[in-house]
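I have a structure here, written as structure tokens, and I will follow up with some questions on it.
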Amino acid sequence: MTDGAEPPPPTGRRGLRTGRLEAFSDGVFAIAITLLVLDIAVPGGPQPELLRTVAALWPAYLAYVVSFATIGAVWLGHNAITDYLDRMDATFVRLNLLLLLFVAFLPFPTRLFADYIGADRPERVAATIYGIVLLLTLTLLWGLWRYAVREDLVRPDAADEEIQLLTQRLTPGLGGYLVLIAAGLFFPVIAVIGYLGIALFYILPVPRRWWAVRRSRRPAQRGPGRSRPGDRRGT
Amino acid sequence: MTDGAEPPPPTGRRGLRTGRLEAFSDGVFAIAITLLVLDIAVPGGPQPELLRTVAALWPAYLAYVVSFATIGAVWLGHNAITDYLDRMDATFVRLNLLLLLFVAFLPFPTRLFADYIGADRPERVAATIYGIVLLLTLTLLWGLWRYAVREDLVRPDAADEEIQLLTQRLTPGLGGYLVLIAAGLFFPVIAVIGYLGIALFYILPVPRRWWAVRRSRRPAQRGPGRSRPGDRRGT
Amino acid sequence: MTDGAEPPPPTGRRGLRTGRLEAFSDGVFAIAITLLVLDIAVPGGPQPELLRTVAALWPAYLAYVVSFATIGAVWLGHNAITDYLDRMDATFVRLNLLLLLFVAFLPFPTRLFADYIGADRPERVAATIYGIVLLLTLTLLWGLWRYAVREDLVRPDAADEEIQLLTQRLTPGLGGYLVLIAAGLFFPVIAVIGYLGIALFYILPVPRRWWAVRRSRRPAQRGPGRSRPGDRRGT
Amino acid sequence: MTDGAEPPPPTGRRGLRTGRLEAFSDGVFAIAITLLVLDIAVPGGPQPELLRTVAALWPAYLAYVVSFATIGAVWLGHNAITDYLDRMDATFVRLNLLLLLFVAFLPFPTRLFADYIGADRPERVAATIYGIVLLLTLTLLWGLWRYAVREDLVRPDAADEEIQLLTQRLTPGLGGYLVLIAAGLFFPVIAVIGYLGIALFYILPVPRRWWAVRRSRRPAQRGPGRSRPGDRRGT
């Protein structure tokens, strides 16, 4: 794409590939998040008291918001991870596919929960399955990041504290899900509200961190002595 | 991506992020707008008079056109907003997710309206719910833009009158929805036709404004004295 | 994105906008083409003779192939059009939305045809409706291109014969649909096979034209005297 | 996009087109892979033993994983192919559409298999149909690559052994499907597990080949004597 004196840097090609992985992942995230609405349906037949019927669908709305927030949070996390990446390797791409397998699966436990809340035993089963799928999704996101850090795929100009910060952000959610899955055996609705809490924990707080902290460091790096993409951290 | 003498400008990175937010948002817009067709269905069983059956689906077509036009209008507005943006911050990205939550939800009230028109009380409920979701969607689009302006995320070379113009464009729709929601308690079909009118108000008029006004100013700015991306308005 | 001595050319911005319109359009095309499969369904209940049941679904497969080919052809045509564009204006974007409204609507008449073939009168109605939606879709694609040519949105380095070639390609399909819609009143299945023929006419023949003819001219233009993006044809 | 002294290289335009074909293909891959979840559904009515009901859906999960892995593998292969491409021609674009026709069709045989497993004769029919669609999909991917090689669309700096490697990777799967389709007439579930094996064969092994082998060669090519995009192999 460039045509200066130097030959195109290797990042050119990498960028293309990263681009396609991101485009494909964004597609799956966007579709999974939008298919959730298909799980909300008014039962067939005439509904003289439509307002009451629609209000009675609250578990479907709750499940919609929980799954929407979770996929949104995972998308933000995925964004943060790929944003730190310098390059990808074959395993990273495969792990990413595995993560997407669970993201794309989420509409199923969402519907399950929306359909069976109110029925005593089924709602416990549904909340537990829901929590397990959410836990596995976050675990894979966490694994994707751990793998990238361990295999040194992270951009060399990323400070160590930033890398640790992202790791520290991802970890508590895993414990949270474990606690809530256990709690869901007794209080399924509370567990699901807790799942929403975890998603909001990733979406809401620490403003100006995941997204903005790196920008604030940018100006200091803009001199000619800025580290080149080819450098390795610690060299 | 470039490799001239100067280091890459900060916009390079920002572009990437803006790109992913736009790609994800475009995905959700495109999917939500295309899923609307699933709400149009001929009732099962043999239909000897298929033409009559298909004609009787007019509420579904009306709802399809209204929701399609509304999502199209919100997409155009979203385009106009991100086009003015110089950068994003964490809150902007979260507000954008909240907007998408309502965009992705729109197929549900669309189907509700298509299914219950003709039944006296239910159609009023359906039209009201429809209007409230549309109102919330536009409110969030409006809030996204207000936030961007207040936090000074707008590109420094955007003229103040352009910013005001976009604000003035977004505001009347909010009042329009409020009036129509009230009217819908008595005349639900008329209210829904009014919702279409609001969407067309955003899609049709003021040609060469949202999209083209900025291009016409471009030539005048191409001299070497053009403001740099790093500048702040008012500095 | 670039950072040489000259200020960024106006194409930079235009590219971004064209990019988003293309991304959104590609999304709608891709989703509409993929949703078609949802219209193919085995009737519920046990099916001891599944092979016979699956074979009996041939109208659904035919409709799937026809609609897939048509959307594919429209996508190719849309590609050819935006590829010739130098810039877009507000009306072009709105016409594009109107085209997408029909593209996204196509799964409905597709399902209608798949469901009602075999029943004498309904299949004629379904084939006619199908043909009318296909005709409107191609008409809008044709209108998009005519508008672009009339408003001089086409890239200045596009030769007049190329522009005429694309126009000549798009026109006969319109007449073809009109003839087939009339024929469909008597022979619905033959009409639908004819719709497939029109789509294949756009997909298959004239190889190395829509896509490749312009590349073969490229080398001759690579000298320093190559026309600049800012030039107008005929100036 | 660039703006140096030289005129934009022909790759600029090609990149755009490749970009749209990739974006559209990625869209179809992403949607088809995400629609698979809609085939997993708990039968209606109260389910006091929901855990048992959900467990009894194992054929649906198996089919989900098989189809997800297959589409993922085809996406990886498609990625590898377009990554080697120097340019596209009209036929390549059409072959690609034909591949997508089968990718988008995959949710149907997936659902068929999930629904009819357990019923003796229907499950054999379903497994056979499933295998044939998978075989056709891989055949088209293989044909796409053969066509690209034969028509010399491959980038000139791709080593012959790399090209052969990709060909050798794609071929055994075709034989594998043939064997499994035959086996599926007697042991349908085993055949479907075999389909998963083929997909994993493409996804898992030979790490650092499809994706990474070319990167390791890059540094050696970065001198000024690097082959230019305009060169042909063997010249």
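We just call them A, B, C and D in the order they show up, numbering each chain from 1.
In the analysis below, a contact is a pair of C-beta atoms (placed from the backbone, for glycine too) under 8 Å apart; a residue touches a chain by one contact, two chains touch by 3 or more.
Predicted model, so just to flag it, every value in this text is computed and none were measured.
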- [ ] Please decide if copies subunit B and subunit C contact each other with the same set of residue positions, more than half shared, or with different positions, and reply same or different.
- [x] different
Open item on the list: Which chain has its C-alpha centroid farthest away from the centroid of subunit A?
Closed with: C
Task: Cα superposition angle of subunit A on its copy subunit D, in degrees to the nearest 5 - done: 90
Open item on the list: From the mean C-alpha coordinate of subunit C to that of subunit D, what's the distance rounded to whole Å?
Closed with: 24
TODO: Round to the nearest whole Å and give the separation of the Cα centres of subunit A and subunit C.
DONE: 35
Task: Multi-chain contact residues (two or more partners), subunit B - done: 1-2, 4, 23, 27, 31, 35, 38
Task: In the complex with subunit C, residue positions of subunit D that touch it - done: 1-4, 7, 10, 13-14, 16-17, 20, 23-24, 27-28, 30-32, 35, 38, 87-91, 93-94, 97, 100-101, 104-108, 111-112, 115-116, 119, 121-122, 125-126, 129
Task: In the complex, subunit D residues that touch subunit A - done: 1-2, 4, 6, 8-9, 11-12, 15, 22-23, 26-27, 29-31, 33-38, 40-42, 46-51, 54, 64-65, 68, 72, 75-76, 79, 83, 203-204, 207-212, 214-215, 218-219, 222-224, 226
